[in-house]
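Provided herewith is a single structure, encoded as structure tokens, for subsequent inquiry.
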Amino acid sequence: MVTLLYFAGLRESLGCSREQVALGPVPTSTVASLVESLRARDDRWNAAFSPGKQWRVAVNQQMADPATPLKPGDEVAFFPPVTGG
Amino acid sequence: MVTLLYFAGLRESLGCSREQVALGPVPTSTVASLVESLRARDDRWNAAFSPGKQWRVAVNQQMADPATPLKPGDEVAFFPPVTGG
Amino acid sequence: MARVRVQPEDFDVGRELEALTRHRTDVGGLASFVGLVRDSNDGYAVKGMTLEHYPGMTERALEDICVQASARWDLIDMVVIHRVGPLVPGDRIVMVGVASGHRGDAFAACEFIMDYLKTRAPFWKKESTPSGERWVEARASDEVAERRWGDAADGPV
Amino acid sequence: MARVRVQPEDFDVGRELEALTRHRTDVGGLASFVGLVRDSNDGYAVKGMTLEHYPGMTERALEDICVQASARWDLIDMVVIHRVGPLVPGDRIVMVGVASGHRGDAFAACEFIMDYLKTRAPFWKKESTPSGERWVEARASDEVAERRWGDAADGPV
């Protein structure tokens, strides 16, 4: 299992702030394969993570990218580009 | 007459902070001609304004240079490069 | 060395800066920046905003930015404070203070920390405007400002 | 618009910065710099220093620098305070604060004012060291810092 977190506009459009999901076969699990499984849920999820959308990902609270590998217990956060400061 | 002011290390090495001097023929008076007359005073004045010395000049409280013209009533200040801040 | 805080409360800029130099005689320059809520943005009137963040990662990201600044410049101490929650125009949002032996290092590190914070620290602003609420969009100019510091080789943003 | 002061007394950095933004909601960024007396300089131990200046010209030069900054960047308000007289290590010497709608303008103008002040405002430091007093010499690096802002076409320095 991995913990998924969603923030800001992405949280609002998905209607979800936190969930736990099972990973696919561990050797092939990456952020990209996780996102693919999320997009398969329904049109809303598909649209939120479509290639035209700007989203960012952090794994265990470090900025990551689609190629970042995942393992059970990881905390994966998805969010829009940041706008602090 | 013009008022001459000296600051910081230059004031100390000349032993003078303020004096009044007569200008030369007005149409030809510049900072350069004034400095020439000061250098003619004695060795100390000659050395203080020698070409190897770093000095700055302000005329009427504005940064100036050797070519700046002078007229009666001007306030001319000589000092080392500034070191504030 | 760095002091990083994320909090809903306002902060006292003078006191925070004072803390960077108190009982020290090796600080030659103290550069700081305070960011405030403006009453307009992108042509919208702004009545207020709410700052959301990612607890845990936020502090970690700010600390990481300070570590990177310390590796690039000769710094003595620094502070980064960022508010979260509801704010109104005129409120302080963020402050960065950097103490160094020399002014060039203090200025550069302060601006670097702000530029990195703008593109790497997980905060999001939702503005309240006369026509409703809207999430503020990231600015391309902030990415440009961050890139001028060169590659930090610590992953994408 | 600019507030320029030359004084023997210390100043309250927090209060001065606060004054730049009080009752305003158009300031997005407030950049500041505080310069302090260090306990060493050029390898000498410094026990104290005395700041001499050229009364009248000093204020005029600082005001002129602020006018130049206002012409280059979009600024809302600024303050420049410089102390004169005897100071000891740890004492504040100078502060510059610049309020603007945007952080880039505030940072640039603040650094510009400091760089110009260092080469154009008539202040001179005499340091007290274990081997006696000495006039601080101007640094070539300050001239370099000033020149990167390009020609202001306002005469030599």
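Letters A, B, C and D name the chains as they come in the text, with residue numbers starting at 1 for each one.
The rule is short, and it goes like this: a residue touches a chain if its C-beta (ideal position, glycine included) is under 8 Å from a C-beta of that chain, and two chains touch if they have at least 3 such contacts.
Because the structure is predicted, anything quoted here is derived from the model rather than measured.
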Length of the shortest touching-chain route, chain B through to chain D: 1
Relative to chain D, chain with the most remote C-alpha centre: A
Inter-chain centre distance, chain A versus chain C - centres from mean C-alpha coordinates, in Å: 26
Centroid spacing, where centroids are CA-atom means, of chain A and chain D in whole angstrom: 49
Centre distance in Å when chain A and chain B are each reduced to the mean of their C-alpha atoms: 72
Residues of chain C engaged with two or more neighbouring chains: 35, 103, 114
Where chain A touches two or more other chains at once, by residue number: 85
Every chain pair in contact, whichever chains are involved: A-C, B-D, C-D
Chain A residues touching chain C - in the complex, by the definition given at the top: 5, 7-9, 54, 56, 58, 61-65, 77, 79-85
Residue numbers on chain C that touch chain D, as the complex places them: 12-15, 17-18, 21, 23-40, 89-90, 101, 103-104, 106-107, 110-111, 114, 145
Residues of chain D defined as touching chain B within the complex: 35, 51-54, 56-57, 60-61, 82, 93-94, 114, 117-126, 135-138, 154-157
